[in-house]
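You will see chain A twice below: alongside chain B first, and alongside chain C after that.
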Partner chain A sequence: MHGVKRVQYSQAALEAKKQRDHDKLKAYLALSDDVIARKSHDMSNEAFELTTRLLRMNPEFYTVWNYRRDMFIESLFPQRSPSEVNELLSDDLSLTFELLKQHPKVYGIWNHRRWCLEHIPDGPSPDDVNGYRNSTWNKELFVVEKMLDADARNFHAWNYRRYILATMPFPPPPKSELAYTTRKIEANFSNFSAWHQRSKVLTTLWETGELDRVKSIEEEFELVRNAMYTDPDDQSVWIYHAWLIGNGNYAARLQFEITSIQELLDEQPDSKWCMESLVRYKRLLIEKHAENLGDKKALVDSCLELLAKLRDIDPPRRRRYDEIAEGIRSGNEMQ
Partner chain B sequence: MSGSELPKLARVAHAGHCNRCLSALPSSHIQIDASRLAIGFYCFGTLDLLGSIYEKTKEIEREGWREWLWHQQTNRPYGTDPEEYSEYDTPHLIMTYTAILSLAILRDDFEQLDRNGIVRFLQACQREDGSFTSFPNGGESDLRQVYCAFAISSMLDDWSGVDVDRAVSFIQQCSSHEGGYGQQPTGEALGGTTYCALASLYLAPSVSDLHAPNPHVTTDERRRTIRWLLQNQASSGGFSGRTNKDADACYCFWCGASLHILGVGDLVDRTAFLSYLASCQFKFGGIGKAPEDRPDPYHTYLSLAALALFPLEDADPSWKLPRLNALWNTTEDTADWIRQHVPLYTVKAQSPVRK
Partner chain C sequence: MDFDTIVLGTGLSESILAAALSKAGFKVGHFDANPYYGGDDASLTVDDLRDWAESRKKNTNTVYLEAQRQRFSSISLTSSNVPRSRTFSISLSPTIIPSVGPLVDSLVASGVSRYGGFKLLESIAVFDQPSKVKPVPTSKEDVFKNKELSLVDKRRLMRFLLFAAGEFEGSNELAGQETQTFLTFLREKFSLANKVADAIAYALAFCTSPSDLTLPALQRIRRYLRSAGRYGPSPFLVGHYGGIGEIAQGFCRAAAVNGATYVLGRNIMSLNPPPKSLGSQANLRWSLSLDDLDEHPSSRIVAAQPAYISSSSPSSPGGRSARCVAIINTPIRFSEPPPELNDDVSVEDIGPGEIDTGLLIFPPSSVDSGSSTAAASCLITGEGSMATPSGHWILSFSIPMSEQDASREPEELLKPYLEAALTLTSSPSPDSPTKPLLTCYYLQTLPSANMVVLSGSPQPLFTVPSDIVVMSETADTAATHAEEAFWKIVKDLERKGVKPTKIKSEGEGERSEEGVGEEPQLITQFWPPLDSVGDDDD
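Now for the complex of A and B:
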């Protein structure tokens, strides 16, 4: 539905296309009617194959995914060995991977994939009950990587990646996920999803003590400064920077970053993000470190000057900047 | 460009587009076959906003649609314990929400509404963590379903199907450091889910005054979210759904309505907003996601709903649209109908009337 562009056809080609569309629709509707008529009672292999055909035509048909799962539970799994069950599930994992390549954002396909993973049987032997699971789950990161290579912003894939890392029996260490985000960010600074993932991974590494928070934040500020200087217009970088600043309780860091951003602004006088960030961080200084400020008035005036410039270069947000300026003038808390 | 320089809203053409979609969809749309009720809602909603339900459709058609909608109400599992839903029934949370709205637009009296059944259904869909799945025993769970559960409960004026505290807690966990809310905890903020989160938090039964600070949204969350939402308005006037993505007409609703709910709708650049949506109009009717794109009922409806929330004083009268209830996502007239007919007990002429 999104972004289907119009194509020009000759009269004859148009007629042929109409006929093809008509035939396709007829076939789909017939198949759909057949499958739905069977779903309350038919658990046969034949019905199973029909659901495969129907799902290939319409992978968003959640009722049919449900029916397929019921067939697994009611008739295909019972009386089959763990090895056969594992094979059936592997086939469905292949099917969903194939469908995802054409339909990367369909909830039902991702959902069915999770279901398959969660139903892998114990095996291959009583001494190795997790063998099937480990081997299958280990391949999932590869699948997600392929999906993210195709579309690095696909939030279904990122959410799924986080699900796999949280659930797989032997996840790779968080540091390796950190390295993955580094690769994605270096490939494209605009990839906000990668920066976002990085913030999640770092939080975990700080909580577990695997990385020293203070040192790590220093390094992150360095990383983000490089990105800022490379492309000051990229929104992702500034959002990540704001995350690093956090609630602004550390005055020295605020001052340092303000100075650094000001230097960038001197080189790029029209950079909206530089100005917006300076206003934000200066306001944090005013709000949180008033007692240590030398010249509060100079800070306030600087903010008002920046907001006046922002009104000019960023017209869609003019009213917002006016509102902020009003807040600063009347000494109100940040809105 | 001032409001008076904008092109007109092609009302007749857009009504025509949705009317055609109500009759039939081409084979390229096979993938939305399972979402017919949602598509129906976008079409009915468009006609409702354009005030053309009665002009453009016949009573016999409206009767047919009401009948079709009631046909989708499922209240008996096939051959299993009547107290439990089996996966054969597949009632769907999002479709239930759109069905109720559609029936209200079509001015149904809701005599056939299985209110108890719907409450049981909501209970069956809620998970441990407070989120809701699309259907009992399975389906994806994210903020879209939470919103639908809240909207349905609010329309029924019956919250017994929802553990509100747990649901609110889930929503709050979806709050992102960027501002806005993601699909799930740890997810990136998205325009659609931000609307779902905010609308839910403002629909919650503990919130009676929409102008007072919402107890479920911290000052910090509110501030971050407003900043994030406003940054999503591109210079073209359209909104994007998240950081570093292109503008898309549907996000004019998801993000615009979010700002409206937060009480800061005035901060949106209205002229640019309207100008972007005007340019998304397709020359044969309907509104697409971006200029030159093919239209569809989803983008058509949401564009009009967004425009209803942000009227422009000096725009051509063709742009005048009725007031929209931003929390339920329907016109205020339809919202009134819902209040009078959907709950089990309604207050009519000073005395409660049991339906």
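Now for the complex of A and C:
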């Protein structure tokens, strides 16, 4: 980071740390050898404890996660009551949560959590076979929210969130998920995952009729326009905007957005994304609403002018802009 | 009691100096006439504040107290019964600390950061009208969420923030603008609307008047923008237990651990200059006469808060500010909760609105019967920064006295601001507005200097000038001055052949023989390397 001086430690302090690290490494290697030696035959409690210790030191060691699951299936679960099994799985859920705080992107830990969730037994009683499951799954949402608070762009966490919402017995309503994406976007709209999630949730809400599609799209354009003006360079915003426009069948909306983006371009004349989007939407107008356009030539000319500017400010992509210009000139369909 | 340096006063700057000198291996004697650490930066309990007010009002017979009486004048304190009064930490120098800057650097490099905690400033707002404040957008997220700014305003504000965060020296926008006022610069070069320009000038750059100049304001803004995100969204930290008083105490602890001697709560009856001598100046020593102590501590160097040296401060027309401390037991809100609360909206969406640690800025003319030429600030500290017991908050107001306001009493000038702030609390009924449990008004005058360093001759070796400094710069200025003084002292001591004694890193307090068999320690850094690597990165 700028302006942050490195803290200096004395020679003695660095030597001490080196010694500590050396000792830790020795201990780790001894433990790892021991566990691997036992893995094919030893299903005892003692071995189980050893895997716990080893996984705390190195949670990426997925062979040991497998071994642990083997022990659950072969020796720890059989002969145990549902409440005991639930207890064991709860402990492992706590363990993985602790590990995820330090290692939020390790596939092995996320996998083990899923496995635990999927093996929650029926219970606590014959009348309430889903009791354990319900309470565990509800906690899961809380866990993934904590992970997303720590890093809103962790795709492991977003995937896991979708898995939970799709699998849990009584998921919260889509509207509350919409509110969740709103929170994440407000916290930092440079977050493709959050916009992506939002698009999925909105689609569901429109399909079920819970949200009026027309009004909702209006609000979404409002939201994305705020983001656009705040940071015209943010890619996720423009991609979301393009999704909202969709196939461009609604001419009035296209015109409105074109005007708005043009105003932004006037304020920020060097914005590549503004220019590119204007070209994209003007092409849609040309292609889909030609019969209603007063002055098609003016539109074509403005596209070509924009593409010429884009070639200048974005030289690595100049061949792409050339190709688009060719397409417009020859009146081809948009690729 | 012979020292290499005697430090008088345990304010932040002096305490950093004492810690640096001690860690470098010099013998330091650190004295403060008050029975607490922190000097003019101290964090006081309610009773301590009462004692402080009383002692600064009385006629007195020591140089220090007389100087204090001139520095803090027109003191009026009223209070009802304040419950759990010992759990309050009221700062005499309410400050916000930028996350990137000399003080944080010193805190980390010296290890003093491990002694205490900090709270991130939650929110900065600008007072708009009774019961209404406007948030100050300082980041992309703030600008995005803001409901008051138009789209074009947002774009222009973001353009300005990007400009201010970058290398603007030599830019086109700044050409020829060196003597331009910041407000005009914002309006002309960035087409910012008046209210937006006000928010930037007074609540991001912390200008205190419309005549503040462009370049210093831009430089402050850049530093604060670069501080954002280091520890959280806000650029500023507030120290636990009343801020820099506690931090000063942390540096004193570091000094003590490295061998410095501490004497608090004894009046300093006189500071005696070295006897005139025709011989070498190398061995001349200053000495202190302390109340009720037979021994006279002596030292080649004295670094002192000027109040210990002389009671007369030049009465400068500038450099006075009016202060107010108030304790309340109703929270202040910067925003209202939304009118509807339904199933779709969770509690987190609303946001608390209640401020625990926040800053409220009053631009000029924002409060009737306030000042029309100066901006006032109000730092709110609550339980979260360990400054108060639960359910209570401390409000600290400060406003520079401009020429126009020069004849006003602090209470008369600041009371409208206190009342304006109280309109932001939810009072039980309109007829009984929130009443503070304690209010203390006073006038604070700049001292003649911030620190004076005395060596062999009657002329000071080095003087740290005293400047008008905005609240967000106080802490870093103290750290910078401490470092300047440190180098002056080290060079002077080296010239006189005084060698620092190395403290072995395995133990505290073990000192090797001075000069015997030791290579002379050349001091090349302000802070020596730390003695133990933290355990948190295992």
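We take it that the second predicted complex is superposed on the first by the 306 of 335 C-alpha atoms of A that agree within 3 Å, B and C clash if a C-alpha of one lies under 4 Å from a C-alpha of the other, contacts with A are read in each partner's own complex, and residues count from 1 in each chain.
One rule holds for everything that comes next: a contact is a pair of C-beta atoms (placed from the backbone, for glycine too) under 8 Å apart; a residue touches a chain by one contact, two chains touch by 3 or more.
Since the model is a prediction, treat every value here as computed from it, not as a measurement.
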item	value
Which superposed partner A:A12 touches (first chain B, second chain C, both, neither)	second
Partner chain in contact with A:H119 - chain B first, chain C second, else both or neither	neither
Touching partner for A:P315 - first (chain B), second (chain C), both, neither	first
Touched partner set for A:L264, first chain B, second chain C, both or neither	second
Partner chain(s) touched by A:R80 [first = chain B, second = chain C, both, neither]	neither
Chain B versus chain C as contact partner of A:R225, first or second or both or neither	second
Residues of chain A that lie at the interface with chain B and also at the interface with chain C	1-5, 24, 190
Chain C residues within the chain A interface of the complex	100, 105, 108-109, 140-141, 143-145, 151-152, 154-156, 158-159, 226, 230, 343-346, 348-349, 505-506, 525, 528-533, 538
Interface residues, chain A side, partner chain B - complex	1-6, 21-22, 24-25, 28, 32, 39-40, 57-63, 66-67, 69-70, 103, 106-108, 110-111, 115, 153, 155, 158-159, 162, 190-193, 196, 199-200, 234-236, 239, 243, 315-320, 323, 334-335
Touching residues (chain side chain A, partner chain C) in the complex	1-5, 7-14, 16-17, 24, 173, 175-176, 178-179, 182-183, 186-190, 225-227, 229-232, 263-264, 267-268
Contact footprint of chain A on chain B as seen in their complex	26-35, 78-79, 87-88, 90, 92, 134-135, 138-140, 176-178, 182-184, 186-188, 190, 223, 226, 230-231, 233-235, 237, 242-245, 248, 266-269, 272, 289-290, 292-294, 296, 298
